[in-house]
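Each of the next two complexes has subunit A plus one other chain: subunit B in the first, subunit C in the second.
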Partner chain A sequence: MNEIRKKIRSLFDKGEIDVMLGFREDPSTGEVKAAVFKKDDDLNGFVYDDRCVQNLVNYLPTLTARYKRIGIMLKGCDGRSLVTQLVEHRINKNQIVALSAACDGVKVRGEEVEKCADCAVSVSPIADHVFGEPKEKKDPVYARVREIEKMTPAERWKFFSDYFAKCERCYACRQICPSCYCEICIADQQEPKWIEPSAKLSANTMWHLIRAYHLAGRCADCGECERVCPQDIPMRLLNNALEKAVHEMFKVRPGTVPDELPPLVVLSKDDPDTIMEGKDE
Partner chain B sequence: MNKWHELKAADLKNFLSQLADKWQVWVPYRNDGKWEFAPYDERRELEFPGSVIHVSVKQLLFPKRRPLATYDEESTWSVKSVTPGEKPRIIMGLHPCDVAGISYMDKVFLRTEHKDALYEAERKRTVLVGMLCTEMEKTCHCTDRGLAPDSAQGMDVVFTRTEDGYLFQSLSEKGAPLLESEYLRATDDKPDKKEWPHGKYEIASPEEFMEMYDDGIWHELSDICLTCGICTYECPTCVCFLVADEKFKGKGERVTVWDSCQLQSYSRMAGGHDTRKTPASRVRNRTLDKFAYSHLRYGQISCTGCGRCVMVCPLKRSFPQLGTRVTERIRNKKKMTRDATAPAKED
Partner chain C sequence: MQIEKEPKILAILCKWCSYAGADLAGTSRFKYPANVRIVQVPCSGRVDPIMIFRAFVEGYDGVMVSGCHPGDCHYGTGNYHARRRLAVARRLLEFVGVHSDRMHFTWISAAEGKKFADDCSRFTEQLKGLAGTEKTLAREEIAT
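Right, the complex of A and B next:
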């Protein structure tokens, strides 16, 4: 951690960054929260360990509008998000100094976060400064999706609708998602009104399915939507099901390869044609 | 001062079942680990939490979705307005901060120039039976907002736990009929007064907050806020709503639905203009609404110190802390101007 702090200090001193996006430990509660460090801030408060769950990439578009150069601390999975944002021209790499340390999994209340089981990259695919050695990664298992696939459609409907009924439509899932950035969200459109604003099962189901579909082939599986949900709706599961489909069809895991466009926005002669061939269920 | 009445713990359910004959009775139950009000059910185990009830009572008086009128496009566009329920009801186990929230909603919804008929009907049929808190949660800070965990202000009936039962006292005409029960006995006992800690989240005056309108601090305060709407939904005094038409197969409803100033869609206007485009402007709106606008408009700041915003924040941020950070900035600014204008010391 000291090595990282030293690096940040020197980036500030050399004027390579104006602000540093990282994590700070609250001395009174011991909680670790996202923080924007400025040059004169005490970097002893800066922490980077397995409590740093939040994906900070989501803050970059706002910060790049306010500051010239931004440093950011990235886990491997956050790096995937950064790749997706660069590919979609949300931010300019010239404004970003990416620091990444080999990640060994993150924990919430002492328990490893579920997404870490299918971790694709321990170090950000794009990084200006790397700390530690990257680890070998295996193909994803999508264990929880496979569990759901075993259910009958009626069981699945029950499983999801019980959760959707609880949705309060606070949009925390949308707000924390780096890839959810439409200028006018489909949920907010007035005419035509695609999704009713009231928090009831039919409208909530619309919201959750549309949200998931809009992220197909783009979601970098940071799992933040599910983590921030005040009602614990398993939203990552929906995204994961789509990610699994994309992975099986295109052998792509979004954000793992720099400059790789989302598979659904490119046409390639090698694209699978299972639907036309009648192989699709 | 009305007399206190004593109720034996063993008689609590009998007493409530008796009330349930005449009134709809709502009491706190634990659901998925969270306390929330639900209709009294004599089969369920009953317990009154000594501190904050997680799901705010707001949604009983001002529900998330309120139908105003129904219409039928197929017949001759007949529009029927919705009539609110009339059966009198008791909400039992409210805490002082809940009642303070309701008093604030009264000021907003019952002001003569813009009376909200649905709210008025809900409010009229409701008797507020409050319970004095026995403890303060980590997030509680009502003592910093001019309240106290054992203040009965605004309640129709107040009760408190004792070693072997409960003590009840009626505080209004609306509350008096509740205590006409053979299970209650007048007593000279009184609940003890206690000292409660304060000073967790102290704030400056509304006027001082207003002076911060153009300050750059709002960018700092909003730097990691997601601007989702959950703190406003759980807040007992956030009362913004939008009006929408929801229809299905030719039949429709005009409804009010909770809205939130933290959401991007809140201030969007024709032509795509938006007066609160940045997160900073939305966080400013909420902070000033709690600590300044409310006071200037209704004579009461709208933070009751219940701490729900802290409990529900997806990022575990503390909204009241934003108030104290603005307050610190105000104090520092004042000190700086004082120092600058003070006459130089003579050696």
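Right, the complex of A and C next:
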């Protein structure tokens, strides 16, 4: 950790960054929260360990509008998130100095987070400074998705409708997601009104389907949507199902390769018709 | 006496090929079931999967989407985009519990009136085969 602090100090001294986006420990409660460090701040408050769950990339568009150059501390999954944002030209790479340290999984209240079991990247795919030894890459297995795929359609619908019915439509999942940034969200749009605003099963189903679909081929699986959900709706399950589908069909895993365009933005004349006819299964 | 319930099908057809194909089926007097309700869109690339989601939520038993054959798109590449989108939408719907037989995504050219009529008949039969299974995604009762 001292190595990282030293690096940040030298970046400040050389004038390479104006602010540093990282995590700070609250000494009274021992909680770790996202924080912006400025040049004169005490860097001893800067922490980076397995309590740093939050995806900081979500703060970047606001910060890049305010400061010239920003340092950011990235876990592997946050790095994927950053790649997706750079590909969509939401942030300018020239403004970012990315620091990444090999991540060994994060914990919420002492419990290992579920997404870490399926982690594809232990350090960020793009980083200016890397600390520690990256773990060997392994392909995600999507165990939870495979379990659902074994069920019959009626069982699957029972499983999902029970969760969808609980949704309060607080849109916390949308607000926390770095990739959800439409100026007018389709759920807020009044004309045409595709999705009713009231929290009932039919409208909730529409919301969760369209949320998952709009993130297909873009979601970097940071898992923030599920973490912030007050009703514990397994939204990562939908994201993962589409991530798996997109990888099977188009051989793309969002965020793992810098400068790779999202698969639903580009087209290929060589896709087989069987992918849409659903006959290959 | 048991009255057999007729399935309701939404067909989203592109203006240049598939809608013209459906038109040809009509002018050629090919018989096809009256279960199909047609919506015309300018191009299969216009088909937003939200239309398909909404159709199922509103209670349609099956959704059919058709456009020009690959290479024949009036706008060049609309159907290539549609192919990817429909593929992803199908996987998502299947994952949350819509039976894969409830979706029929295909290409029908303006000359294939017969194919349109045949596809409609086959799709209707296919949905009748699902009659006993639960209709998923459908809207809850209005009275609450």
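Here is the rule we go by: the second predicted complex is superposed on the first by the 269 of 281 C-alpha atoms of A that agree within 3 Å, B and C clash if a C-alpha of one lies under 4 Å from a C-alpha of the other, contacts with A are read in each partner's own complex, and residues count from 1 in each chain.
We take it that contacts are C-beta pairs under 8 Å (C-beta built on N, C-alpha and C of every residue); 3 or more make two chains touch, one makes a residue touch a chain.
Here the structure is a predicted model, which is why all the values come from computation and not from measurement.
In the superposed pair of complexes, A:P230 makes contact with subunit B only, with no contact to subunit C.
Once chain A of one complex is fitted onto chain A of the other, the partner contacts of A:T205 are limited to subunit C, with no touch recorded for subunit B. Contact with subunit C, but none with subunit B, is seen for A:F160 once the two complexes are overlaid on the shared chain. In the superposition on chain A, A:L238 contacts subunit C only, with no contact to subunit B.
Contacts of A:Y171 after superposition: subunit B is touched, whereas subunit C is not reached.
Taking subunit B and subunit C in turn and counting the residues of subunit A each one touches, the greater count comes from C. When both complexes are overlaid on chain A, the residue A:I275 reaches subunit C alone and has no touch with subunit B. Look at A:A143: by the touch rule set out above, it reaches neither subunit B nor subunit C.
When the two complexes are superposed on chain A, the residues of subunit A that touch both subunit B and subunit C are 200. Interface residues of subunit C facing subunit A in the complex, by the touch rule stated above, are 49-50, 53-54, 57, 70-71, 77, 80-100, 103, 105-107, 133-134, 136-140, 144.
The part of subunit A that touches subunit C in the complex is made up of residues 145, 148-149, 153-161, 186, 194, 200-202, 205-206, 209-210, 212-213, 216-217, 238, 241-242, 245-246, 249-250, 263-264, 267-269, 271, 273, 275-278, 281.
Chain contact summary for the complex, subunit B toward subunit A: residues 64-65, 219, 223-224, 226-230, 233, 242, 244, 246, 255, 257-260, 263-265, 268, 272, 278-279, 312, 314-317. Across the interface of their complex, subunit B is touched by residues 31, 33-36, 54, 58-59, 62-63, 66, 168-172, 174-176, 184-185, 188, 193, 196-200, 227-230 of subunit A.
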